[in-house]
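Given below, in the form of structure tokens, are the structures.
Same chain, two partners: chain A is paired with chain B first, then with chain C.
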Partner chain A sequence: MKLKENYENTKWRRFVRFVNGGEMSEDRFRLTGSQMDAGKPQAAKVHDAQPVDLYHLKRDRNRSDYSRMMEQYENWSKTRGLKIFGSLYRIISLCICLLIIFVLLLTVANMPAFGSADTPANSNEVAQRYIEKGQEETGAVNIVTGMILDYRAFDTLGESHVLFIAACTVLILLRIDHRKDGSLVHEELAADENDRRLEPKNDKILQKAAFFLVPVIILFGIYVILNGHISPGGGFSGGAVIGAGLILYLTAFGFQKAERFFTYKTFSVVSLASLLFYSGAKCYSFFCGANHMESGIPLGNAGDIMSSGLILPLNICVGCVVACTMYSFYAIFRKGGI
Partner chain B sequence: MLGFKIILLLFLVVCAVSTSLSKNLLTSIVIYMSYSLAMCIIWILLESPDLAITEAAVGAGVTSVLFFVTLKKIHAMRAEDEKEKESAGELPEGGEGKP
Partner chain C sequence: MSIIQNFPLFNIVMSMMSGVISSLLPRRQAKCVSLALIGAAGIMNACVLWYVSVHGQYTYMMGHFPAPWGNEIRVGVLEAVLAVFFCAIMFLSLLGGERYLDTDVEETKANLYYTMLDLMLTSLLALIYTNDMFTAYVFVEINTIAAGALIMSRNNGHTLVAATKYMIMSLVGSGLLLLGLSILYDVTGHLLMVNMHEQIVSYAQTGEYAIPLTVAMALMSVGLAIKSALFPFHTWLPDAYAYATPTSAAILSSLVSKGYIFLLFKIFYRVFGFDFVLDHKVTNLLFAFGVAGMLMGSVVAIYQHDVRRLIAFSSIAQIGYIYMGIGLAVPMGTVAAVFHIMSHAASKSMLFIAAKGLSEVSGDSKDFAHLRGSGLRNKLAGVAFSVGAFSMVGIPLFAGFTSKVYFAEAALTAAGGKLVVAMAALAVSTILNAIYFIRALITIYTPKECADFDAASYRIPVTMAVALVCFIVLNLFLGTWSGSIERAIATGLGTF
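This part shows the complex of A and B:
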């Protein structure tokens, strides 16, 4: 940026001076005053002493007013103001805390007893219908999965998109860019250094434990996803379990081995394919409301794995998105990229 | 069974209070993990095993790991190491310990 010659006299500068109460002009006058003093020979200084002194007097008076005001102001905030503010702060925060505790306890006290029949959740006819007709209409033994992936499937559609958006946002915030010629950026070098020094990459105990634990954890996650409509669990739980297993693998064996099967491309392809399939299968809800559309897939025997129509593929989609998101969170946090 | 439930709920309260009161960030994260584990058992007692699985995987696993990574990134863990070394009598800026 180029500075103007008469920078002090520009409109903006004048405005700033006006806002600061003429403080800036004082500085400028002092500068010229000292220049005047330096430039004049000794004899001439006596001659000029009068106006300069007058000016200095005025300036000193101005400044003393200003500084006295500032002193008062600062002292107020340091002594009395701070005391008042501190006591007020304590009293108000205590009041707010007590108020919140009171309101929460009052709410809990007025709630119906746990499991009693006349709670709003139990006396609602929607819940009644879900419980009575759920298995017949969705084919899922697990009522919860039948609800969130069939009756209320567009809720879950929004949730999986929220997860994907969260992963994208973390990527935007924490990503470290590569240079075009492939050399490492300073932050990346620092991250590498940090990793080497603090990460137990060659920790034998961790590696042996992970060697036995990771397959079991991932298998359990796959089991939870595939049995989502039969036993408790479903896409989100299973996906989170798989993501935790992947994170354990990455912690134990490092990025080089993990990148053999999970790169940025894997993340984008798997997430996008899952979300596209889910959206394609269920986005009609935004146009038809709660009206159900038949998928045409036979519901099959309740209790079999290959049953309950679209629920199984949707479960797999949600699980893929959640697992990718968990893993990519960890990878982005650690090295600024997947 | 009721006694077990009461013990678990008391454990929850103690964990929650000590998480907010502990000075060391690492300690509070570990206490938070144990809070999640107790919560996981409570979910099973409340007969919602799917939430228990999610709590164990997300609350005790992924969230704590993300907290650990963040602590490492902001050098909160290393600072504590150096403080311990200092209290043990080693020189803080000796430079021999660093590779």
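This part shows the complex of A and C:
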């Protein structure tokens, strides 16, 4: 019987291998499942337990393929081919960037003049009603607050959940957890150590400055939030100010002191309460509005602190959420926990 | 006003609240809350669907101020159909993969996973129902962040890389969308879709602001195309789908990208008006990229050794189908595209769950070399995988066949050049689909013992079995009773 010399590399054999889930050609580089799956150490161990296995042989062959390919790859970077490709890539991306810049500039040149009074956005009935009737209808002297927390409250409801979900995502990514028996994980010890070494806790100047500044900053933040419907400001800006104050305190006095009043529990309870109140209150007001019922929330005298219906409590909620999010971002990034 | 009309609002607020509450609950309760929430949302949306199919569409004022001053959502037949469907798919995906969440996600963070899931539902429902561009953008943000968290909640190197890639690409997409939206707002002075549309129609007649409108449309199309992984922008997709936990992969492939595509439909139909879109030839571009995606996704899928990556690349091809449907620029094309959103969602989520079931009985390996015979070891997962594969290839009785028939019908009504290209692409891509799916089926049904598998002690998880059976029924339903759904989509699009 006559066999081809490189029978394994004939088209038919390659096809059969493909159908059977093998690689199509001998020198195809490939990482197998258990090599790559770093998250599953147990599974890899089970494979190792089998002494002689076709899979094993294959994997060894793949490894030698791998080193060969790495060699090729290293050489390839020194050849001209890649250089040409690299420079072409740069030139093309530069051209695309320039083209996009040109198109966007052309667009801007064709848009309504910035700031003029008769642009479509400034002169239509939407803006007019906000300006003319905003105070009367929402009870807020600051019509921006009236807009975001009353006219378009649904968007702001979504926006405050964006903050919450961002904080939760960072938590999933970076939080280092205590073990069940309460002992600290290695990383957490390292993080604590790092914290102590890099940021001296007994910086007198910083502490004295923070001692005077932090109360003022937080008070100012509270003022901005409470006056959100009367003067410029509101939940988002006031919350950011409070968050900055908390961060300053944390930087000056360290985690041990900050944890006396702000832990993960504080974070979750405060944001939970604020967001639930916000959703609940707004759901009630949307429901009333859509069904043409009176919500029964008095608007009060425009200009008073206790006025403009739901706007003040909602501002407080937004402020709490923003402050918590700011502080928790900083704490998580620095230490992997709140 | 009927109480049912309030259901979309209740749904959105309810899912937000349970998302927030889940962040404080222990894992098990959070899971129950999520399942109950998604189930309840599905039932409520079914009521809404019944209501709108009897009484017709309506808009719902969010607050005391009518749009354009306040916010507004719009509920029509198409929206309700998709909402019900999305809830069903999400419920089944969670049910099918919930057992693996316990091992894949760290125990102390598992409740946050459910928070993300609930808020994902919020954002999908809001994206479906919104009638306001800025509301859409806000919920696109929530959707993006939640999707990133769903990818990386299974914490290993792969998912972190995948999530980083996803965030970079997706944020570019969001940025382009926001840029287009700002230009549009500056030119029209409105954020409500109806009013934007009126302004744009009047501009189209006078010829004012032609360049900004075109650029805005291009930016939004590209932005949403990146976010939904249309072919040249698909690089974030394979890793994200292949390494995330099965529930995440199922939800990402079947719902997240589809939510963005539906938003694109809304922008094309309700903001610009389809005539305006046709005049600017955007559909031709989408058609070209869609066809390229159909072919390239399938070709690359042939080379995969990892079953999850194979399914992921197949997704790229299927997204290409949907864009090809839009690109045909005929009414039937859009109907076919919406139907394909549904049939693909039903098949792809089933494939991801079934693939997990198969790799579970093969020593947790996703590699074809180890999957051999897995369809015999885990029979139900094997059957489900086969049904999904048949559906993707386009065997009659299954969902994918029906959507391919609709695409072909649509292509027949399209202009000459597109007819030929679309038909050829459908034929070639069907053959390519068949190549890699039949190979996968041969692999999983070739008898071979697996040393890591103990047949006596293994039983398929009950929740997964239930989910897979439901998926199979859903798939057959879409494949055989497609007429009523197609009519609902056509009515919905007609009133869009």
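The criterion applied here is as follows: the second predicted complex is superposed on the first by the 246 of 338 C-alpha atoms of A that agree within 3 Å, B and C clash if a C-alpha of one lies under 4 Å from a C-alpha of the other, contacts with A are read in each partner's own complex, and residues count from 1 in each chain.
Here is the rule we go by: a residue touches a chain if its C-beta (ideal position, glycine included) is under 8 Å from a C-beta of that chain, and two chains touch if they have at least 3 such contacts.
Here the structure is a predicted model, which means the values were calculated and not measured.
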| item | value |
| --- | --- |
| First, second, both or neither for A:L276, with chain B first and chain C second | second |
| Winner by number of chain A residues touched, once chain B and chain C are compared | C |
| Partner chain(s) touched by A:V224 [first = chain B, second = chain C, both, neither] | first |
| Which superposed partner A:F333 touches (first chain B, second chain C, both, neither) | first |
| Which of chain B and chain C A:P232 touches, first, second, both or neither | first |
| Chain B/chain C common contact set on chain A | none |
| Sites on chain A touched by chain B in the complex | 144, 194, 197-198, 224, 232-234, 236-238, 240-241, 243-244, 247, 251, 326, 329-330, 333-334 |
| Chain A residues within the chain C interface of the complex | 18-24, 30, 32-34, 36-40, 43, 46-47, 50, 55, 58, 103-104, 106-107, 110-112, 119-127, 129-130, 137, 150-155, 157-159, 161-162, 164-166, 168-169, 171-173, 175, 177, 268-269, 271-272, 275-276, 279-280, 282-283, 285-292, 295 |
| Chain A-touching residues of chain C, taken from the complex the two chains share | 1, 5-6, 9-10, 13, 16-17, 19-21, 23-24, 60-65, 68-71, 106, 108-109, 112-113, 115-116, 119, 122, 126, 132, 134-135, 138-139, 141-142, 145-146, 148-149, 152-158, 183, 185-190, 199, 209-212, 215-216, 303, 305-306, 363-372, 439, 442-443, 446, 451-452 |
| Chain A-touching residues of chain B, taken from the complex the two chains share | 48-50, 53-54, 57-58, 61-62, 65-66, 69-70, 72-73, 77-78, 98-99 |
